[in-house]
Structure formats: structure tokens, C-alpha cells
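Both complexes shown next keep chain A, but they swap its partner, so chain B is in the first and chain C is in the second.
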Partner chain A sequence: MNKIVECRMLTKVFDNQAKALDQVNLDIEENRIYGLLGRNGAGKTTLLKLITGQLFPTTGNVSLFGKRPHENEALLGNICFVKENAFYLKSFRDLKVKDVLKMAEAVYPSWDCSFAEQLAVCFRLDVNKKTKSLSKGMLSAAAIIIGLACRAPLTIFDEAYLGLDAVLRQQFYNTLLQDYTENPRTIIFSTHLIEECKGLMDRVVILEEGEILLHEDMDKINEKSFYVAGRRELVEQHLKGKCILHTEEMGRLVRMAIFDSLSDIEQNAMRLDGIEIQPMPLQKLFITLTAGNGGGENEQNAAAV
Partner chain B sequence: MLLSGDSTKPIYVQIAEGIEDEILKGNILEDEQVLSTNQFAQVYNINPATAGKGINMLTEEGILFKKRGLGMFVAKGALKYLKEKRRRKFFEDYVLKTLEEGHKLDFSSEEIIEMIRGWGGKNE
Partner chain C sequence: MSKMQLQFRIYMQSLKLPLKVIMAVYLANIIISMAINAVVLKNHDFFSTMGYNTALILLNFILGLLVAIPVVNFNMFNLFLGFGMTRKRYYINMSVFNLLVCFALTLLMTFVYFTLSFMLRSGSKILYVMGFASVDHRLGTIFLFALVCFSVFLVIASLNSLICSVFHSKGGWYGLSALLVALSIPVLFIRQIYDFVVWGGAAALIGTALLAASLGASYLAWRFVSGLEIHT
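Let's look at the complex of A and B:
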């Protein structure tokens, strides 16, 4: 698999504050869809900005398509960074949507004009309106249309759906998947709507306090995320040596959240001992993994998943 | 007990059946307290009213009873009652389903009975 992004010991410190990103090593493989997850302030946007050359690393290296991303004009047409509030610049405010789309067409060699038009109809976006008169949802729609129609080899959606209603978000996910099948490219999806987006993700990266907590294939994560419940001594006996993320005690009973593989034989043996096993959804795994940091109180919150 | 969001069974039914199962497995004994509505709500992240609905189903059947100011407890005779109740459904829920699947795979009823005889238990 080709790597299109390579981060080595990437560290970013803003104004001598805590490290926003701390010695991150990350490879992004070509033509896969990445889900980038993390709590507020975990470093998601910092990482994405470093990858796309919008920020300089304090230490460490980034390579994008084998080159340095900073001040590298040749790379611009290969990357698309869709974020919330994409048209904040004054110079954009008086432009009509169709003019913004024309600008995007000039930037991206792989731009598909008819796809963009089709998307505008799909998202009910009036291209004759000026961007300053668009609602929050329609601003997001305009940005998403650019993100889709540009077909950039690396397309990043950073919380791009803000303000979009549930129907349009679903339409966005469906369109993205369909177009990705026909025109494979690398997509990084940074999101807080984990359950909603998990179907899209092929690989998951979880950031926590500037470090990578987890980087794994979605399928592998699903094969390792379980809730196990039953009599405490039996559960403990069966899960000996397994990676237990959280334990909740209820009288003689416990419920444990684990991140480890359980073979069919192990699962059957557990069921015979009256132990229940259930897959743990990605969002619960995320909460269990990231809510625990920062003291006992938060441990309790993690239990409530 | 675990609740499943994907199940076609409503959450309150899952709560009721989950408590029944724990009583049957001997994990909650008669006269012992079960989790309160609010504890269920917290542990399983569900609406307290939903948890309450499940617990109410069991109080109406006399499996749980309320001690004023203390909470919900397992009634005397609940285990016996539950066993009888589940035994009545055992044939339909388990035996018939096993036979159906077995016949689909061309096992005769005789062969299935042999399998059950031949399996001495999990320790053998």
C-alpha cells in the first residue's frame, strides 16, 4: 500500500503552552478512508493543518506525496481541506456560490463540473446566492460540494457537516461512498458524530492529548471491542490476561469493557458459564478510552456508556 | 446483563428479561435488592422511565416487590415461579428451534437426540 502522508516525531507547541501534538508518527495509506477521532483539544485540527502545510511543526517531519507540504504550490491541487466556516475570509463574502465553485475548478485539475452541479441540486444549494447570505447548513453544503467535486487525491473533511440536517448529512455520506467507489482517493474524516460516520471509516485514528491512542483497521477494532457481563469471579477467570478497559460492579455481577480478541472457543466457554458477550460500538469504545484520562470522576463517566 | 440497541426487543423488555435471567442464574437471590430505576438509567444510559417500565413488569408479576424507602427486592418464591414460567416456553423457544435448524441440515430427530446424549457437559 502506498503511503501518501508520513509524519515522523511530529511535535507542535503553541506559544510555549502544552504540546498540541507530541512526537506523532503516522502513515496515511493511499485510497483509504480514515476516521480521525479525538476529544476537543486532542490535536486533530493541528495534525491536519501540519499535514497540509498550514502550520509549521515545532519539531519533526511531514511528507505529503513524498514532498514537504509547506510553501509547496505544486501540491495544492492535490489536497482539499474542507472545514467548518470555510468561507470566513472577507474576500469570499460578496462572491456568489457559483463563482466560488469556478475558483475551485481552477485550482483542482480533477474537478468534475457536472458532478458539482448535480450536487448543488442534491443539497438544494442556490448557486446564485452570495456566500454571506447562506445559512450555516448551506455554507457547509457549499464546502462539502467542493470537497466532493474536486476529487483531490487527499481530501480532508474536518467537522465539515456542521449545521447540516440529518437528511443532508446522510446524503453526504452516501454520495461520498458512491463517488469514492468510482473514484478512489484518500479521505480523512474528522468527526464527533462517531456512530453516524463509522460505516464510512476503513481505518480509525484516535488522538488524545496530542498523542495517538489508537491506529487500527475498523474491522480489527470491531473484532476486539466487547462488553462482557456475568458473575464476577467467572468473568475475571475467563478474561485473565485480556486488556480490560473498564469494570462496573453490580453486586455479584460485573460488566467489563474489553479491547482484546476473543476466539469462538473462548466465547463459547464463556457463554456456557452464563456470561454474556456483546459487541461494543465504536463510540462507546472511544468514550471508554478517552474519558478515563484525568481522574476518578471521569472513570465514572466512562462507566455510563 | 447487557442491553442491545440492535435487538427487536424493546429495552424495557430486555431489562425485565435480564433481571429474570440473573435470578435464574442465581446471581441475584431472593430477598436481595436489585438496581434501582435510576441506577439502571445510569449504568445503561437509558431513560429512567424505560427502566421503570421493565421493573414494573416484574412487580406486576410478583417477581419483585417494593420496600418503602429502600428499593426493589426479589420476592420469595420468585425463582420457582420463573423456572415454571420459562419451562413452559422452553419447548417452543429452544427445542423446536433446534429441530427446525437440524432438519434444515438433514439431521433426523434421532440424530439430534444422540448429539444431546453424547455431549456430557462442558467439563467432559
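Let's look at the complex of A and C:
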């Protein structure tokens, strides 16, 4: 598959000496939906801003469609970055929503006007309202409509759903998936609502303290994330050499979170020994990998992943 | 709609608020000064009073607008960079609009100033600004007045753009320092500026020097803008 974003040894240090990203190497492939996950301050937005040329890397480089994104007008028209805080749209003040959509039409060559109108109805957004009078949820809806209708080859949603109620969020996910199926493009989806969005993600990138902890296909994650529970000695014996992320002890019983492949033979053997195997949800995997609660175990295991 | 048209539309839109505020201050100024003339000083020469007030208060209005425009423009940077525009494109468009605004304001100022003489009832009431007399309608005088006005307006807008670019790219303390440096320049030459405003002088030379200073300030502003990062 073609790589449309290539980050090499990307480091960003801010003026206050805080290292937001540390030697990140990341390739984003064409026509896939990426889930970018990370705790607050993990460096997600910084990474996205570096990709879109809004920030300059301290060291390392980013290439977008094989070129540097900075000050490259032809490239920037192919990117749509829907930011987490759609309040910037309020800067349009007296302009009506329909005028803002017309402007987006001027910026994005592949803008679909009828789709935008359709989405406005779907999200119950009054296009005759002035942007300054829109609520938080409606601002997010307007930003999402721009993100979806622009059909930019690289579309980035950075926690774009803020203020949207559960129904509208679901509508957004459904529309995104349906439109992606009809018009494949690369979408990066940064979110904290992991369980809600996991159905969208094709590939997952987990960032923690400016470093990539995990970069894996969703299918492979599902094949490798397990909870294994049973008698301690038996579980330890079966999981020897496997990547154990976390261990919970309950008397003689243990429950281990693992991130490793288990063949059918291995699973059957464990079940015969009375060991219970359950798939681990993505959110639990994320918490296990990133919850640095003082104990070094998680961090060591995360490094192993 | 091209990106330039798009930016122009927002530019005009963003000017609405400062325009309203400055216009309100301007109108209040005129009304108060006219009321003082009519009620306190018992001077009922309406046109004369209005003529004097208009020229001076218009100048304040223009200066207010020239300060507000770059501030508003720099606050819109974030919006346009998120809308697929480059720093260079935004800055060039912004500079072109600023030039147009300075040109329009110069026309307005020149028109108001030189039509004052028709509003004044008595020929003895002549308004002198930068050594130019409002009753002197020779083409050369009008052109020179317009040139000086244009260069003054442009240098204010350019310096203000430079200060805003420092604020946005280097942070508040550097911005404040740039502001103090910019303010200290006229303070250092206050005597010369006073003499020039009252008596006039080498208008063509000063106009050209100010235009050169505007170019220098615009270049420096561009240097800061090209390294501007969008954090919000």
C-alpha cells in the first residue's frame, strides 16, 4: 500500500522544554482509517499538527504524499484537519453556516455540495444560523460536516465530536463508515471514546509520553489481546514466554492480560486445564498499556509490545 | 470563490466590530464637541465647528482602525491555516488588503481635509496640518498631502503588523518589548514630529522614508510569520 504520511525520527520540544514527541517513526497508508489513541498530553494533537504543517518539528521530518507539508499550498488543499475545539469556527462570526460551507467548497477541490446539505439535515444543523450563535454541539456538527463533505485524501478528526450527544455521535460514525466505503480515503481519528469508535478503526496507533507504544492492525490486536484466568501455576506454565501486560491475583487464582498470539492448540490446551480465555476489549488494552500507576510493570510490558 | 476572495470576505467581516466601536467613539466625539461649542462656548457656526472636528477626529478614527486591522488579522491566522492556506499566501493577501485600506483611508482623509475650506464660512479659518493649508487646492499640494498621509498610515499598519507577528510567534513578553520599542521611536523624536505636524517640512523626503520603513517592518513581520506555529 502507498504511504501518504511518513514521519522519521520526529521530535517536538516546546519552548518550556517539554518534549511532546520523541523520535517518532510512523507511516500512514493510503485509504485506511487510523485510530490515534493516547492519554491527555500524550502528543496526539502535536503529531497531527506536525503532519498538517501547523507546527515545525524540532528534529526529524514529516513527508506528506512524498513532499514536505510546510508552506505547500497544493498539499494543504488535500488535507482537512477537523480540530478538537470547533470554537475557531466562531471566528466567522456573522457569517451563516451555509456561507462557511460555501467557503469550504472553495478550499477543497473534491467538495461534495449535495452531501454537505444532506449532512446538515442529518445533524439538524440550521444552515441559516450565524456561526457566532451556534452551540458547542452544533459547532462540532458544522466542523464534522466540513470534514466529511470535503472528501480530502487525508482527513483528520481530532476529537471532533465534543458537545455532540450520543445519537449524533453514532450518526457521525455510521455516516463516516458508509461514506468511507463509497469513497475510500485516509482518515486519522483521534479519540478518547475508544469503545464507541473501535468499529471504525482499521489500524491503531497508541501514543504515550510522545512515543509510539503500539502500531498495529485492528484485526491483529483482536487476535492478540486476551485475558487468561485460572490457577496461578497452570496459567504461568501455559503463558511461559508470552507478553504479559498485567497480572491480577485473587488468592490462588490469577488473571493475566496478554498481548500475544495464542494458537487454537494452545487455547484448547488451556481450556482443558480449566483456564478461562476471554478477548480483551481495546479500551482495556489501552488502559493496561498506558496506565503508568507508579508500578514499573506496565511500562516494561508496554515497551515489550 | 478563490482563496483570496474568501480571505477578503472574512477580512471585511472581521472589520465590522472594530469599525462599529471606532465609529461610535468618533460620533460621540463629534456630538460632544459640537454640543460644547453650541451650549458652553455659544458658538453657533455649525459648519465651521463640524469642519474642524471632522478632520481631527477622522484622523483619530483612521489611526484606531489601522491599529485594529492587524490585530484582527493575526487573530484569524489560525482559522485560515486550518483552511488549507499557507502562511505566505495569508500574509501576502493580508498585506494587499492593508495597502488597499491605507489607500482608501488616504483618499478619505484627503477628500475631507481639502473640502473643509468649502465648509468653512470665513476665509480666515484655515486648517493647517503638516504645513498643508486646507484652502490650497493645487494638485501638487494635494498629491504631496496624500503621499504623506499614505506613508504615515502604512508605517502605522506595518509596525503594528510587526508587533502582532512578534506577539504571535515569540509570545507575550517579546511582543510587549516590541510594542515598547515601537512606541519609543516616536517618543524619541517627539519634538521633530511636533514640528512636522504643525509646520510641515520635507514632506516628500519624509513620505519616502516612511514608505521605506514600512517595507522594512513588513519584511521583518514576514520573517516572524514564516516561523509562526499554530498552537490553538
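Operating definition for what follows: the second predicted complex is superposed on the first by the 287 of 305 C-alpha atoms of A that agree within 3 Å, B and C clash if a C-alpha of one lies under 4 Å from a C-alpha of the other, contacts with A are read in each partner's own complex, and residues count from 1 in each chain.
Note that contacts are C-beta pairs under 8 Å (C-beta built on N, C-alpha and C of every residue); 3 or more make two chains touch, one makes a residue touch a chain.
Here the structure is a predicted model, which is why all the values come from computation and not from measurement.
Engineer: So if we stack both complexes on chain A, do chain B and chain C clash, or do they fit?
Structural biologist: Fit - chain B and chain C, as placed by superposing on chain A, sit side by side.
Engineer: Determine, under the contact definition given at the top, whether A:Lys102 touches first (chain B), second (chain C), both, or neither.
Structural biologist: Only chain C is touched by A:Lys102; chain B is not.
Engineer: Tell me the contact category for A:Glu73 with respect to chain B and chain C: first, second, both or neither.
Structural biologist: In the superposition, A:Glu73 touches chain C alone.
Engineer: Determine, under the contact definition given at the top, whether A:Phe81 touches first (chain B), second (chain C), both, or neither.
Structural biologist: Second partner only.
Engineer: Per the contact definition in the header, classify A:Cys113: touching chain B only (first), chain C only (second), both, or neither.
Structural biologist: neither
Engineer: Quick one: is A:Leu193 in contact with chain B, with chain C, with both, or with neither? Answer first, second, both or neither.
Structural biologist: Touch partners of A:Leu193: none, neither chain B nor chain C.
Engineer: In this superposed model, does chain C or chain B come into contact with more residues of chain A?
Structural biologist: Counting contacted residues of chain A, the larger count belongs to C.
Engineer: Could you work out the angle between chain B and chain C as seen from chain A, using CA centres and rounding to the nearest 10 degrees?
Structural biologist: Given the fit on chain A C-alpha atoms, the answer is 150 degrees.
Engineer: Quick check for you: in the superposed arrangement, does A:Asp15 touch first (chain B), second (chain C), both or neither?
Structural biologist: second
Engineer: For A:Lys49 in the superposed arrangement: first (chain B), second (chain C), both or neither?
Structural biologist: second
Engineer: Quote the smallest CA-to-CA distance from chain B to chain C in the superposed model, rounded to whole Å.
Structural biologist: Minimum C-alpha separation, chain B to chain C: 36 Å.
Engineer: Touching residues of chain B toward chain A in the complex: what are they?
Structural biologist: Residue positions touching the partner: 1-2, 4-5, 22, 25, 27-28, 32, 35, 39, 42-43, 45, 122.
Engineer: Going by the contact rule at the top, pick out the chain A residues touching chain C in the complex.
Structural biologist: 15, 49, 54-56, 71-73, 76-77, 79-81, 83, 85, 88-89, 91-95, 102-108
Engineer: Would you tell me which residues of chain A are touching chain B in their complex?
Structural biologist: Chain A reaches chain B through residues 227, 229-231, 248, 250-253, 255, 269, 272-274, 276-278, 281, 303-305.
Engineer: Note which residues of chain C are touching chain A in the complex, please.
Structural biologist: Chain C reaches chain A through residues 1-3, 5-6, 9-10, 13-14, 16-17, 75-76, 78-79, 81-89, 171, 226-227, 229-232.
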